[in-house]
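So that you can tell them apart, the chains are marked A, B, C, D and E in the order they are listed, and the count of residues begins at 1 in each.
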Amino acid sequence: MKKSKLQILTNGIIKENPVLVLVLGTCPTLAISTQAINGIGMGACVLVVLTCSNIIISALKKIIPDTVRIPCYITVIATFVTIVQLVLKAYAPALDKALGVYIPLIVVNCIILGRAEAFANKNSVVDSALDGIGMGLGYTLTATVMACIRELIGSGTLFGATITANLFSPFTILIMAPGGFFVFGCLIALVNKLTKGKVKEKRVNKCLTCPGAEFCNEVQEGGCDK
Amino acid sequence: MSGYVIPVVMTVVIAFIASALLTLAAKFMSVPVDETAVAIRNQLPGANCGACGFAGCDDYAAALAADPDGVKTNLCVPGADGVAAAIAAILGQEALDVIEQVANVRCSGDCNATKTEMDYQGLKTCAAVKNFFGGPGACKYGCIGFGDCERACPYGAIQVCNGLARVNREVCVGCGMCASVCPQKIIDIIADVKRVHVGCNSADKGKDTTKACSAGCIGCKLCEKECKFDAIHVINNHAVIDPDKCKNCGLCAKKCPKKVIHVFPKPNVKPFVKVDEAAS
Amino acid sequence: MSSGKHLKGVHVNHSKNTAGMPIIPMPVPERVYIPMSMHIGAPCQPVVAKGDHVKVGQLIGDCDKPVSAPIHSSVSGDVESIEQFMTQNGRVDTNIVIKTDGKQEIAETVVPPVINSREDFIKAVRASGLVGLGGASFPMSIKYNTKPGQVDTLILNGAECEPYITVDHAAMLAYAQDMVDGMRTIMKWLDIPRGIIGIESNKPDAIAKFNEILAGSTDISVCTLRQVYPQGAERVIIYECTGRHLIAGKLPADVGCIVSNVTSVLKLQQFLTTGMPLTTKFLTVDGNIVAKPQNVEVPIGTMICDLIEHCGGLTGEVKKILLGGPMMGRAIPRDDFAILKSNNAVLCFDEKFAAQRKETACINCGRCVAGCPMNLMPARLSRAFKDKDIDALREYNVMSCMDCGCCAYSCPARKQLNFEIKQAKTLVMEDDKKKKAKAEAAAAKEAAKAAEAEAAKAAAEAKEGGNK
Amino acid sequence: MSLTAAFYIVLSAIITNNYVLSKFLGICPFLGVSKKLDNAMGMSVAVIIVMVVATAVTWPIQTYLLDPNGIGYMQTIVFILVIAALVQMIEIFLKKYIPALHKALGIYLPLITTNCAVLGVCVLNIDNEYNFLQSILNSFGSGVGFTVAMFLFAGVRSKIETNDYPEAFKGIASTLVAASITSLCFLGFSGMLEKIFGM
Amino acid sequence: MADKHTNLIVSAAPHVCNPTDTATIMRDVVIALIPALAVSTYVFGIRAILMTVICAAACVFFEWASRKIMHRENTIGDWSAIVTGVILAFNLPVGMPFWMAIIGCFVAIVVVKQIFGGLGQNFANPAIVGRIALFIGFATPMTTWSVTKNMSQAIINNAGVDAVTGATPLAMWNAGAELPSNLEMFLGTINGSLGEVSALALLIGGIYLVVRKVISPAIPCAFIGTVAVLSLIMGFDPIFQVCAGGVMLGAIFMATDYVTSPITTSGRIIFGIGCGIITMLIRAYASYPEGVSFAILLMNILTPHIDSITRSKLNGVEKKGAKK
């Protein structure tokens, strides 16, 4: 079954959201999501690196020998990360300072290597680029949402603008380490709730498909009660 | 110019040293890996259901790799034909069809047909209640109905409705998890193509069976007389079908005065399901 | 005698309503139903047929397997039928149904056995049909058939730690002299130097009585036990009386002890003097809805409903009937079961007592650990059982549980801990079996391989030799 | 460097600046391998070794090769290559000599390559301008900090593994909440080392 | 034959049980907390009762609501939520805004307890985590202490110019100010969190619990003993250290929480000693004046390890080894 281009693009945003569903790249997400602006910044960096590396890797997939593919991927990714790092240093020093060590750590972000191995390695350049953009957007979205929640509750601001800080004191624990884990856990639970609910519905035996229906006295549309 | 040369040279040199070291290490400390087993394992669904008779997917893969001639490639029931073909391809053998199997409960005694003779209070599992006078039901051979099988099923294919375990044949893959936990041993794993089954396991005499359950085989032997293929016999006070002889004609079912012989609809083709949940 | 240290246990409400009541024989019922398996081990085969006339004490079932006890008729009358149905053990068993004639003629075979040696004594013990009357129903002839010199202490178990039951107490008051005589006989033939009678301190009159009888004698002493459940459990009473630990999988004889219930020794003594085998059983009939709670002597095979009727019937709607005490006794689904050799009480309760409390979550309070006489951790075992974690079950010594019920009694969350542990034990035993089978299969395979290799080698050698 | 300063670096990396619980580095193995204490400890030892060795290799590279040549920006690429090679070596070594541990660590050994804690500690050593000895101490401390976090969390996991979670919180979500509570207790020690060592 | 009775109740032995159940245990804990509440009402005024009631009600509500959302059986009947609420309230300054206290209740009941499956399945004490979350999240209100006329003269003297906000004895000790007398510390006419001021009242509650066999004295004794011994070694006044801050409340009511403490007595002693050591370390060195809650939380987290090294030994097994 071939996926349409649109499907590839949207796949990463919701259905296979890299952070919440695949649980990849947790470290930087947790660390930088204290401010919404950082979430967007980090997301953008990941988006760029992911897309570029996906393109290059899928373009080079025929040339790279299978046995040394992982080191090659890492080198390609590290190159783009260095580029992004230099660009940030030059044009957005504040963001660079805020993200700090987590920019070089994009190299070891499992999302990028994971997509290189799982997708770019097997698909065309265009598809890979779309996948990179989709996954990058998914990452950005998650990081930003998480950062917004933590910033809003933890410091009463949003993108640096004061929202509720004057109304009541912010619950600062949310911008600290425990808050990060907690908000992340809750977001994953939310996604679980949204996706697993459907699966469960499918599993319920409907009476009419039940082979015991012919001798069951309680045949009804919704399946029998336990 | 040197601004470009130095980083490039540096990286190349470092990479070269690292790769040289690695190559050496790999050479001197190599451990043979069974690539075949890994490849086969990747094909298996990962439900670790044990339907193949091995202690899980890893074990089956290892056994296949170690002894490709002795171990059959079509043992993975949940994986069905697709997996069998893939394994055969890896091993360079001809693909064998998987005999599709489903679970079948040898009991028809739901709450309407039979009743309990004690007020059991305690752990609600079949294995637990079996300790007390063989279960709360009037019939000591039939389904207890506390759903040990339901909890054991990784596919949600068996459910207790109205005090009786029932299999959804469309979902069931015949892994046998339910059969292994059933304390009454009334769940069989049978070929899906066999469609006629006796829904009773009672070893009591007809009179006692009737007393305990209105949906029990009374051993009247009408089915035995009706069968043209000598496929059904009353053994141990209940009818038993010999699957090798049964032709799915269903004549016995029509004749059965207690209606405990069931004819199931034609088997459907089952899609290959990879069970991520069971694996994690 | 005791080492000052005690095993843990729980304090239970004694509810000994029938304390001080004498044991009154019950008139024979219309029919008795005697199952062929009233002991641990191989079931007996009927040696009478339908229509035969039997007398009291006549052998009606026997078995040639060593681990078994013969079965005697408890009444005189005619064998009405021999049927298969479920007994109170939950097993389908062969039952001899005897319609009584009310005459209670004694069989001609009932004569005191002649004993000249240890072997004769063991044979006589078997002929008495005695099993452990405390509830374990282990054939007594097997228990007493120890290696000479292995056992140095005979413990008479008069603890009777279960609530409600007073029948052993009553028997001790009535037959103390016979019990002491019985002990001396056993000690004589089995060459046991020391006898200890363990009695819980809530029976001061029984202790006084024994002390009076034993005044001046040195071979037998009375050990006063604390009022802590389960003093009557074999492992606990051995420790409390001798300070020896009996660990799981060992027999009391391994630590030099034989433990016998007071009534077992009494019945043995009666058999040795009169020749009358075990045909009646002392029972406490009690419970909050029994009209006339009392201690009765009941012919084995009497239906429980007949027995209840004899005790004045019930005053309320019965919801639960227990065979044995409330701590370890079994609840039965209906009352048409026959009394077996191992029963010692029939307790009937109504809704108020019987309703099972709802189970809640374990709060890790440690009361089960504090109450376990075996020093186990029931809460951990329960958890490991829930997870089906067999390694953890072994690690926490699941097999050492003796199912005394202290953990479940003291659990504030009302968890059925001992029942879960019981099932966990089954799980571990099944796993052991599987492992053993696997090991055997592997060994067989290995052996086959070796044999094959050997054969191949031999063939190659032969070939080589041929070539030469 | 005085002994107290050395202790300060190690202890602060373990307690107050714990890599896992306050810097969010190495979360993947922290969540993945902490189910069983044995595996957690094996993984932790592997991480300590990789961290120390990686620092021992990367610090000289940065100081003597990259910086003098003015190509400090090559840091990321070079470091990751070196670390990848190191991890590969350790994997080969384990496979050969400690196969049981290799089997237990399973897929997580290759993941040390992409364990951000390792690269993170190398980069942070440079960023903080530690000298060689300080860098080694910091790496060791960070590794031990990772171990402590793993040890604590493995206990928690063993206790809550078979809990009856709400449907949505089954799996990783509840683990994260548990990690959140675990990380709370480390906050209590803030300021402690400064006071003890007078810094 | 006599009347037959069928369909009787069949269940596993034992058929009798100890009348103590979870609810009675929790109720005893609530009763044991009443003396402390009485003292704090005397010291802080009626708001102490108000705070306690609001926290207890919030906890019960959250418990009920989360069970409802999870479609599980309602468990508010076991009193455990009330205990959590009351203990959490005891850990807060009396002037704390109510909405903040309710957030603490949310953390305690929903995050710490119900997400992990409810009573018995949490690995950390709900009240402790609730308190720490508030302490870190709302640092200022959690360390703002109002002064009332019933307090020790030393506290009133130490209070600021406005004579409304004061400091706890521990903060005063940290700052080197004049301290209340040990008698005042013991009786509780001092400043601090709502329920932790009166060592005497807490002690009465503790003795009640020990007498009722609700708690074993192992943890409180080990905890308080360690604090006393360590303060002697460190050169502090042991009576002051034991009576100040949350040691009494923590040792008697929070560290003894069954669910999050070891199950064996030896494990409980290790647990208590660990709590004491960490408390004193934090008091003496860390930037927070009080370390009881962090100490208990850390030991909660270590409990599984303590449990695994202090498993009860089987009777008679050593003997078997000797025989061999």
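The rule is simple: a contact is a pair of C-beta atoms (placed from the backbone, for glycine too) under 8 Å apart; a residue touches a chain by one contact, two chains touch by 3 or more.
As the structure is a prediction and not an experimental result, all values here were calculated from the model.
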Labels of chains that are neighbours to chain B and to chain C: D, E
Far-end chain from chain D, centres as C-alpha averages: C
Chain of greatest Cα-centre distance to chain E: B
Interface with more contacting C-beta pairs, comparing D-E to B-D: D-E
Between chain A and chain D, centroid-to-centroid distance (C-alpha), Å: 23
Inter-chain centre distance, chain A versus chain E - centres from mean C-alpha coordinates, in Å: 40
Whole-Å gap between the CA centroids of chain A and chain B: 37
Distance between the centres, which are taken as Cα means, of chain E and chain C, whole angstrom: 47
Per-residue overlap in chain A, given as positions that touch at least 2 other chains: 71, 75, 176, 178, 182
Sequence positions of chain C contacting 2 or more other chains: 319, 331-334, 355-356, 416, 419, 422
Numbers and ranges of chain B residues touching at least 2 other chains: 15, 19, 117-119, 121-123, 128, 131-133, 136
Chain D contact footprint on chain B (complex, rising order): 6-7, 10-11, 14-15, 18-19, 21-22, 25-26, 29-31, 280
Residues on chain D engaged by chain B in the complex (per definition of touch): 61, 65-66, 69, 71, 74, 77-78, 81-82, 84-85, 88-89, 92-93, 95-97, 99, 171
Chain D-touching residues of chain E, taken from the complex the two chains share: 69-70, 111-112, 114-118, 121, 123-124, 129, 132-133, 136, 278, 281-282, 285-288, 291, 293-295, 297-298, 301-305, 308
Complex contact set, residues of chain E against chain C: 1-18, 20-22, 24-25, 75, 78, 80, 118-121, 216, 258-261, 263-264, 311-317, 319-320
Contacting residues of chain D [partner chain E, same complex]: 151-152, 155-156, 158-160, 163-167, 169, 174, 177-178, 180-182, 184-185, 187-196
